[in-house]
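Structures for review follow.
The two complexes that follow have chain A in common; it is paired with chain B in the first and with chain C in the second.
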Partner chain A sequence: MNRKFLLYASSRKSWALPYLIFAVIFVVVPLLLIIVYAFTNDGGHLTLENFEKFFKHQEAINTFIFSIGIAILTTLFCILLGYPAAWILSNSKLNRSKTLVILFILPMWVNILVRTLATVALFNFVSIPLGEGALIFGMVYNFIPFMIYPIYNTLQKMDRSYIDAAADLGANPMNVFLKVVLPLSMPGVMSGIMMVFMPTITTFAIAELLTLNNIKLFGTTIQENINNSMWNYGAALSLIMLLLIAATTLFNTKDNNGSNAGGGLW
Partner chain B sequence: MQEEKPIIELKNVTKLFGNKIALDNVSLKVKKGEFITVLGPSGCGKTTLLRLIAGFHAASNGEIWMSGKEITQTPPYMRPVNTVFQNYALFPHLNVYDNIAFGLKLKKMTGKEIEKKLKSALRMVGMTDYEYRDVDSLSGGQQQRVAIARAIVNEPQVLLLDEPLAALDLKMRKDMQLELKDMHKTLGITFVYVTHDQEEALTLSDTIVVMSEGKIQQIGSPTDIYNEPQNSFVADFIGESNILNGMMVHDGLVHFCNADFECVDKGFGKNTQVDVVIRPEDLYIFPVSDVAQLVGVVQSTIFKGVHYEMTVLCDGYEILVQDYHQFGVNTEVGLLVKPFDIQIMKKERICNTFKGKLLDTSHVEFLGCTFECFPVSGIEEGAEVKVEVDFSDIILQDNEEDGMLTGEVNFILYKGDHYHLTIRSDWDEDVFVDTNDIWDDGDRVGISIPPPVVRVIKMTD
Partner chain C sequence: MVKKIFAQTYLWLLLLLLYSPIVIIIVYSFTESKVLGNWTGFSLGLYKSLFVNTENHSLIKALINTVTIALFASTVSTVLGSLAAIGLYDMKSRWRKIISMINSIPILNGDIIIGISLFLLFVSLGITQGYITVVLAHITFCTPYVVLCVLPRLKQMNQNTYEAALDLGATPLQALWKVIIPEIRPGMISGFILSLTLSIDDFAVTVFTIGNQGLETLSTYIYADARKGGLTPELRPLTTIIFLMVLVLLVIINFRIKSVKKKD
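Right, the complex of A and B next:
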């Protein structure tokens, strides 16, 4: 037994042990706790009443749908703005020195709350009213680097001879983009969607700050419930959101299947 | 008969990448229906030439014409050419069918037409029944065939092929060569083929364009290129050859290896220095007898499958001979070459000539450095002068710092009893050196020129 242990400790397998312990304490156990809390009531009895409460609670459902809507809108804006940016960055003719890449990634070095507070201050300074528009602006501003980077990565790695080949076969620049560049960069776009959609759907700090607490997102609802010690209901809401995110992840991995996965971030 | 218009014509085309010259004032005419091969070592500009014709690069200078229309500025998608890429560039997100149909779909053809053309293209490359395969699941040779099908299905006027067989193994390459040649016959369209493989070029082409350093060295049929190379680069690059320094005594008589030879070349003038090219298979080797023009001793003999390759030392000159009969090492043999098999080339230069400036009576500036020279008179200080240095007078140093200037060995030519090197100096000037020492391509060397060998000549005009 002792010898076996030594053998294990000296093998490379043992290197994974600290990470395994970390993952169990900070990922697996909390997840299990969420599930347990979601299916029990205050007294610790097994029940579905938390979910019933959610589906009967019109305001919560509205917030849920609204959150998804905001997340989809944010993701869409990020794609529309991020793709051309990534294209420019990956084009060596337009971006000789790679400094532009740094400039685009630079905001990520600043804490998200600091950036959002600064945005609030800026909006106040030029007296733009805070609200839904400001919220979407803030979300896009905060999350667009996560869209640009994976797309930039796939475009960067793409063999330029595909573009030559398409042009050679009679495709004008528009067709080259639609029939070759876009399909080949889809893995990057999918990664970008994951990177943006998931945090936007769960965020609450940005919403609170940029709408002066006027617009509630689903993340806010969860946070409020947990703050008010309604652990079981909060856990149920968290679980619902987790399932939604899990669903989008499945959709994504299915799409990536086989190809040498996209952005390098996922 | 009226001369047929060339299908492609390049007029004084120059292409620069930054400061680097990739193509230097190239002019070329391609006849309709011809199989033309652009041949040269890597970095000679052959791929650039092809990409200019395809439209992927814009010419820095000059014009490109196709079927009587200027297309210098036409974007690639509007040119009636299709390309087979070196790495095939098959779209990984499309299957074989969609890859080949890519061009046809863009032309808004109906499904039926596409189907028909696609079937015949696949039949032509021997890939029927592969329509719905993923391109990643195909072998290199199969991908090659799909790439060719994808290009020819569009029925281009010109098919451009960029080293298409470079990635295949020898046997496969030979098979594909024959297939390409058949395809060229069947399709009847013009093929422009780029390769660094001289054997491939000789096998396939109607016309070969030999390129080096961004310049066209010779254009001709495979037999012309092989039998009558115009300069030592072509002679050395195509096949094996003995290249020797010679002297044209008068028309029909040439002197080399310390012997006189009858030849068929004329018009070089009397007592002119020339380069003599003799292919190793054109030399007859036999036991010493009266008919021998050269007598020598066999230095080495190698079995090459079909023939033996022997080096014979004749009066200080090493000569390469190929023959079906083997003569052992140290055997004394006689050599004979027929007048018709001696190819004479005018020497491009008989000594180094530089443009320089006389600084004072004993110092002259050229190649970006100041050199000492024997005192000169009759030329005023500061005047532009011509400087001559013989090939054999330049000294090459292993240690770069020992030289007055530095450079890189760019081209090596064995001349039987010495090496003729081309050194590219760091200021992009060529220095030619004769030496007995062995250097490698790409070696860094220091160059020194001792004062007595520098000849300063007054500019005449």
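Right, the complex of A and C next:
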């Protein structure tokens, strides 16, 4: 036993042990706690009342659906605006495009809340009303770098002779894009969607600041409940969000065939 | 040609849009008005009061907290994550899969879930939340990125060099220090920088783990401020300084990379 232990301790495998212990305590156990809290009440008894409360609570459901809608629209606009940018970036000379990519990522170094407040000032400046439009616009602002970078990465690695080949074989530019470029860059688009959709769906604070507390997203609902010591209900709402995240992740890995073809941001 | 001009215009227009909020902050850091967007003449007053005024001590304190938390969390994350990556690389595929899965949970989960889950952990353990819990929370969401930064470097490395070092009489620790670390250093550095960025910018996880002992980081300070109805004016010069520092740092790094490449 002792010898076995020494053998284990001297092998490189054991070096992952500290992190494994840390991750179990701070990642796995807390997630289980969310589940435990979601299915119990204040007294610690097993119950489904937290979920019943959610499904009966029209306002919470509306906020939930509204948040998904906002996240989908934000993601869509990020693709529509970000894809051309990534394409142009991947077409320019390597040195120049690298500098430009850095320029696109640089704003992320300014604190996200300060950036959001400055966006509000900008909207006031050009007198854009602070409603849903401003909210989506502000979200696109904050998250578009996360869309551009992974798409740029996959386009960068794409073999350009495919485009010439398709054109030589008689495809018009439209077909070249739809049948060659787009499918090949799909892994990048997929990880872009993950990097934009997930944060927008879980975001809070940003929406309040952008609309001066006029519009509430689901993240804010969760936070309010936790702040008001309704931990069990808050945990149930978190679990619902967690399920949504899991569904998106599964959808994404299935589409990617489990291979991460170099699209990841990091 | 027309196409190219169109493409370039699009790119610069997008950049202009992206940078306009930051430009607004920088421009309005040189005026003394309380409200952002209200120009009352050029002045360096805000810069002065940021450093001199005792009222702004809480802002400076929040800044110091933010930076020290980020440094602590990133250092621990880098050590923990690098060791984990080395161990992970040496494992059988079943265990590797399990640990990789656990590692990807915080990346996918979104800040708010990490924040709430850790909040529930600390609450059920009866731990008073404060500086240490924030650092622990930041380590939790930074380490996975370090692992992801270091793993590719290990894959590129020649595995025999480690065995060779052991055969030639090095202890595992010596082999780690002299063979593996030099190989994975670039990955460790980018993991560290990434952790710093994530930690400094974090709001959602911090707000759930910071407790109510009066501790503030820059993010929670700004949030509380905004809820009270407006940004402390001194945040404008502070943001400007931070942004310019990062800009200068990036330019220096860029130039160094270029000059190293030229030497080669």
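One rule holds for everything that comes next: the second predicted complex is superposed on the first by the 252 of 266 C-alpha atoms of A that agree within 3 Å, B and C clash if a C-alpha of one lies under 4 Å from a C-alpha of the other, contacts with A are read in each partner's own complex, and residues count from 1 in each chain.
Simple rule for what comes next: a contact is a pair of C-beta atoms (placed from the backbone, for glycine too) under 8 Å apart; a residue touches a chain by one contact, two chains touch by 3 or more.
Note that this is a predicted model, so its numbers are computed, not measured.
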| remark: chain A contact check, chain B vs chain C, more residues touched by chain C
| said: Just checking: does A:169 make contact with chain B only, chain C only, both, or neither of them? Give me first, second, both or neither. | reply: first
| message | Between chain B and chain C, whom does A:63 touch in the aligned arrangement: first, second, both, or neither? | response | neither
| First, second, both or neither for A:161, with chain B first and chain C second | first
| query | After superposition on the shared chain, which partner residues are touched by A:26: those of chain B (first), chain C (second), both, or neither? | reply | second
| message | Quick check on the superposed pair: does A:74 touch chain B, chain C, both, or neither? Answer first, second, both or neither. | response | neither
| task | Scan A:179 for contacts with chain B and chain C and give back first, second, both or neither. | result | first
| note | chain A residues touching chain C in their complex are 10-20, 22-31, 33-34, 37, 81, 84-85, 88-89, 91, 99-100, 102-104, 106-115, 117-119, 121-122, 124-125, 141, 144-145, 194, 198-199, 201-205, 209, 219, 222-223, 226, 231, 234-235, 238, 241-242, 245, 249, 264, 266
| note | Residue positions on chain A within touch of chain B in the complex are 159, 161-162, 164-172, 175-176, 179-180, 183-184, 259
| remark: As the complex stands, chain C meets chain A at residues 7-8, 10-11, 14-15, 17-22, 24-25, 28, 36-37, 80-81, 83-91, 95, 99, 102-103, 105-106, 108-114, 116-121, 123-124, 136-137, 139-140, 143, 145, 147-149, 162, 172, 194, 197, 200-201, 203-204, 207-208, 218-219, 222-223, 226, 231, 235, 239, 242-243, 246-247, 250, 254
| Contact set on chain B toward chain A in their complex | 54-56, 75-77, 81-83, 85, 87, 89-93, 102-103, 106-107, 150-151, 154
